[in-house]
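Encoded as structure tokens, the structure appears first; notes follow it.
Labels run A, B, C, D and E following the written order; every chain starts at residue 1.
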Amino acid sequence: MDPMTIVGLLIAIATTFGAMTMGGIDPMSIFFADIGSIILVLGGTLGATLASQSMDDAVNAGKVIVKGLATPKQPDSAETIKKILGFAETARKEGLLALESASKEIEDPFLRKGIEMSVDGTDPEVVREVLETEMSATSDRHKAGSNFFTTMAGYSPAFGVAGTVIGLIDMLNNLSDPSALGPALAVAFSTTLWGVFLANYIFQPIASTLKRSSELEMAYKQLVLDGILSIQAGASPRAVSDRLAAYLAPSQQEALQEKKSA
Amino acid sequence: MDPMTIVGLLIAIATTFGAMTMGGIDPMSIFFADIGSIILVLGGTLGATLASQSMDDAVNAGKVIVKGLATPKQPDSAETIKKILGFAETARKEGLLALESASKEIEDPFLRKGIEMSVDGTDPEVVREVLETEMSATSDRHKAGSNFFTTMAGYSPAFGVAGTVIGLIDMLNNLSDPSALGPALAVAFSTTLWGVFLANYIFQPIASTLKRSSELEMAYKQLVLDGILSIQAGASPRAVSDRLAAYLAPSQQEALQEKKSA
Amino acid sequence: MDPMTIVGLLIAIATTFGAMTMGGIDPMSIFFADIGSIILVLGGTLGATLASQSMDDAVNAGKVIVKGLATPKQPDSAETIKKILGFAETARKEGLLALESASKEIEDPFLRKGIEMSVDGTDPEVVREVLETEMSATSDRHKAGSNFFTTMAGYSPAFGVAGTVIGLIDMLNNLSDPSALGPALAVAFSTTLWGVFLANYIFQPIASTLKRSSELEMAYKQLVLDGILSIQAGASPRAVSDRLAAYLAPSQQEALQEKKSA
Amino acid sequence: MDPMTIVGLLIAIATTFGAMTMGGIDPMSIFFADIGSIILVLGGTLGATLASQSMDDAVNAGKVIVKGLATPKQPDSAETIKKILGFAETARKEGLLALESASKEIEDPFLRKGIEMSVDGTDPEVVREVLETEMSATSDRHKAGSNFFTTMAGYSPAFGVAGTVIGLIDMLNNLSDPSALGPALAVAFSTTLWGVFLANYIFQPIASTLKRSSELEMAYKQLVLDGILSIQAGASPRAVSDRLAAYLAPSQQEALQEKKSA
Amino acid sequence: MDPMTIVGLLIAIATTFGAMTMGGIDPMSIFFADIGSIILVLGGTLGATLASQSMDDAVNAGKVIVKGLATPKQPDSAETIKKILGFAETARKEGLLALESASKEIEDPFLRKGIEMSVDGTDPEVVREVLETEMSATSDRHKAGSNFFTTMAGYSPAFGVAGTVIGLIDMLNNLSDPSALGPALAVAFSTTLWGVFLANYIFQPIASTLKRSSELEMAYKQLVLDGILSIQAGASPRAVSDRLAAYLAPSQQEALQEKKSA
């Protein structure tokens, strides 16, 4: 997961708790006064989310989330372009077969598979189909992760409302003691708070960051795929460079130029 | 239906009832105090949903739901790939006609139809068109099932609100007895609760799981279709394996390798 | 209109009124206490909907709705396939011209036009273009009908809220008589009720059923179009049957087999 | 603008004011009691909408709206088809160059441009590209007009809520005089009313009618484009008629037949 | 950023403050009474938005926003068309190589890159692919900027509600002093106000203007791309002019005619 996610979540929670303390409100007394509210919202949201998915999705979501947390950041596109340009030069001078030994040292399994297929003489159209199928299957697996949290974020406020309505009904049935009205209503609203809190401070940001992380990985794989097909087509390193540099921001394009001339 | 759906629904309901009991609220007294609320929400939602569909859709929805409940889980993609690789090898060595006897033992009607058409010498473009038309017709029928519950989930809170407004108006017309105000309001909110409850604890999770289950079946059929077309094109088992493995998760790809070498 | 629509609407309204009566609430006193509420919601919704459309759309919507109410149900796909197979056989044995006399007895104008164009020797690509243009123009006209009710369903709750806010403001301006507060508020909420009621019990279900009915007609026309093009291409009845059967549900496919062998 | 838009808006406002008067509420006292509410909602909505667009969009929106108000209705498709059939006949008998003098009298600039390019011997593929680019650029300009009102309709209720919250806060800060509570709250809700009123009675209907009007113009231009390309391809008037009639409703198709035989 | 954005924001805020002052409400006392409300909404919204993105997105968003503020307006399409027509004439008379010296003086890097690639004899299909990849990469970077504010606008009201619920719970827990009820509720609603205010007066307009500005830049680049490909294809200046003029509004097309004849 991108470090920005953790920083952002901390900012959101810290400023909320800070603003409460500033206003003389004890955050603990508001958030943790009624443990039942937390159980109802968390349990209901998790249950409904699990029920909305298949067993495999839930397992996949777990893997994607763990992997997302473990992987600190996206691969460096400019670095990869430099590597592909090296392969293009070798392929041009000594033929595709000359990439065989180099291909074994490639860390990125997607790039390695593409180069290996090229070395094996696989038809370019088949290389494209296989790699595109793999991209779309990977993207589907990633979606299991982000969908998990999107679903959580969607259910969470609804379960908050359900809890509040339950609290309201209970309170209205027991109006005999007016002095208990305020605190009973406070407990009822506590599930609304948890529904809104979990959705906006936790689930939605995580869903967005997982989705965005998948988009970036797909854009990176598209760049790699274009590079592999250019190498296979025997394009000149200059042409490959023009082609791939178009994926980069202007500042990165300049950095690429410097790297090449260095 | 995926076992996860039943587990998830049970978690959602159990935690809600548990949290209520923890807070000293009797779930039965909240949910079942006013049978009229349940009739209004369920009847209204079901009626509006039926009215939103054609007779055939309603019948189809029934079939899809029953089938969805009866089928425990999705077919095993890795197992199917192994089977297709076997056919590819036979077709390569002994020709497509050699698949005739094997085709009769295939359980999956979609794979069987494809292999039979190939054995009959049907043009690959026609095979693709027929199977794709069948996939899209199947997917449309599945949608009747998930749409049924999506529509229920959409109407349910609206009927909850309608019931509450009816209750509110009735109460406002009879303000003479202040002591009845609380319980009357409680009954009014009881339809809101049922609207929210049915939508989020029951209808939406079932709609999602039916939709997801259809997506997985379509992905599986796409894999089968690709396999059949590869066999017909006379691709080498190695190429077929590369092509189909791209549909699998990395861990399943390794399992496939092991199965092949085993 | 599908009979299911009328059945569904009756269920929704009957259960609502039944639940109200069960709870000791007179439905008439709730729904018809304030005629002004009904006029405001209905008039506002109808006015805004008419203003959102062109004159032609409104006229078209009227025609589509009347036709939708008059047509009891969709044509029978299996029956049509049998008819097309008959034409395919004739065309195969005696040539396309042999369909000239048969074409004059076809009731469905879409199928008739296609067969006539084929008999006239029109280029298959032109037949496809003309029929697809007609399908898309028909679908656009149908949308005028369903959009009319979708728009009504969208505006209706907003006009309900507008009426309630008007009632609230009037009441707040006249707080001098506390005993009138309840009934005045009841009247104010009566527009909310009508807004929610019309949208969910009437407009949205009719919009959905008209949209669904158009989808089914388009799927049917696609089947007919595929059949005509197959006949023109001189496909064998067996191939035409394989091609068109893919549009049917498995149970209908079996029924088709039986009809053929019968 | 279609006359239906003005009729619809009048119906919506008249029935609302009529229903209010029926219920003994003076519409003026509700809508115009607090001029500040109107300024806040209108000013906020207009400001936010202008800020959401570029200067050119705002200018374009102005032009499109003025033109939309000035143009009473859409061109007559059946009339245009008759004209195109005339051109097709001339082109068939005397060649495309024979259309030169006729082209100068065409009022519709889109049809004229297409015929002129055909007469000049422009390649059909270029004619299609130029006219399609013009259609998409026209459609984009139209969107500036409908988006302006869609954006207004989107912001308007939010500014109504903002005004109400401001009024509520002010009132809660000054609870010392209970007798002023009602009227103060009435003023606060007055911005909600204006937000809902402007969005649903004015902005949304105008946005929809402008959008629909653009769709109809695009469908008409597509018909003209098809006609021009058919003429250029030297199609027989019979074939052109079949092709273009498919755009019309069944009743209009019959009218076209009668016109032709007349 | 378009000057219209700043003008619009000022109109929205000025009319709001003016309407408040007119109604005898001091805007400062409403908006700045509780600094904690502002901190909670701004901090929560910013934190959740940062958490929803990757580090690179946040950096990109910063760059896009700064650049958007610095660039006063879009390039002049008519001016660019005139320039491209000049290139087309030169290329026609003296060949593509004659554009080499002119290409060095082009300010727009996108047009310059296209002309340079044409001069270098790059295959037209490759020129299109490289420029389209660059357009789509630029558009993705722009989205980082508008998405940043769209996300802010989406979270902002939710954090306003969270703050209000926190304030409500705190107040309900401390009902002992009825006289403090009003002001405490006022502070609670102050977060709702800030949530609505920031979303509608600031974040959403800026998001829309950044998005629109990106759309206009993409339309401009499409025009440039079409021009470059026409020049490479050796089209006559007349044909290029017809082709590109279709992108302009009718009034601009006339201006272009005048410029050409001048």
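Just so we're on the same page, a contact is a pair of C-beta atoms (placed from the backbone, for glycine too) under 8 Å apart; a residue touches a chain by one contact, two chains touch by 3 or more.
Since we're looking at a predicted model, the values are computed, not measured.
Enquirer: Applying the touch definition from the top, give me the chains sitting in contact with each of subunit A and subunit E.
Expert: none
Enquirer: Indicate whether more than half of the residue numbers at the subunit B-subunit C interface occur in both copies; give same if so and different if not.
Expert: Mostly different residues: under half of the interface numbers shared.
Enquirer: How big is the gap, in whole Å, between where the Cα atoms of subunit A centre and where those of subunit B centre?
Expert: Chain centres of subunit A and subunit B, defined by C-alpha means, are spaced 25 Å apart.
Enquirer: Calculate how many whole Å lie between the centre of subunit A and the centre of subunit C, each centre taken as the average of the chain's C-alpha atoms.
Expert: The mean C-alpha positions of subunit A and subunit C differ by 40 Å.
Enquirer: Can you pull out the residues of subunit A that are in contact with at least two other chains?
Expert: Counting only residues that touch two or more other chains, subunit A contributes none.
Enquirer: Inside the complex, what are the residues of subunit E that reach subunit A?
Expert: 34-37, 39-40, 42-44, 46-58, 60, 109, 117, 122, 126, 129-131, 133-134, 137, 140-141, 151, 155, 158-159, 161-163, 165-170, 172-175, 187
Enquirer: Within the complex, which stretch of subunit A touches subunit E?
Expert: 2-16, 18-20, 22-23, 25, 29-30, 33, 73-74, 181-183, 185-186, 189-190, 192-193, 196-197, 199-201, 204-206, 208-209, 212-213, 216, 219, 226, 239, 242-243, 246-250
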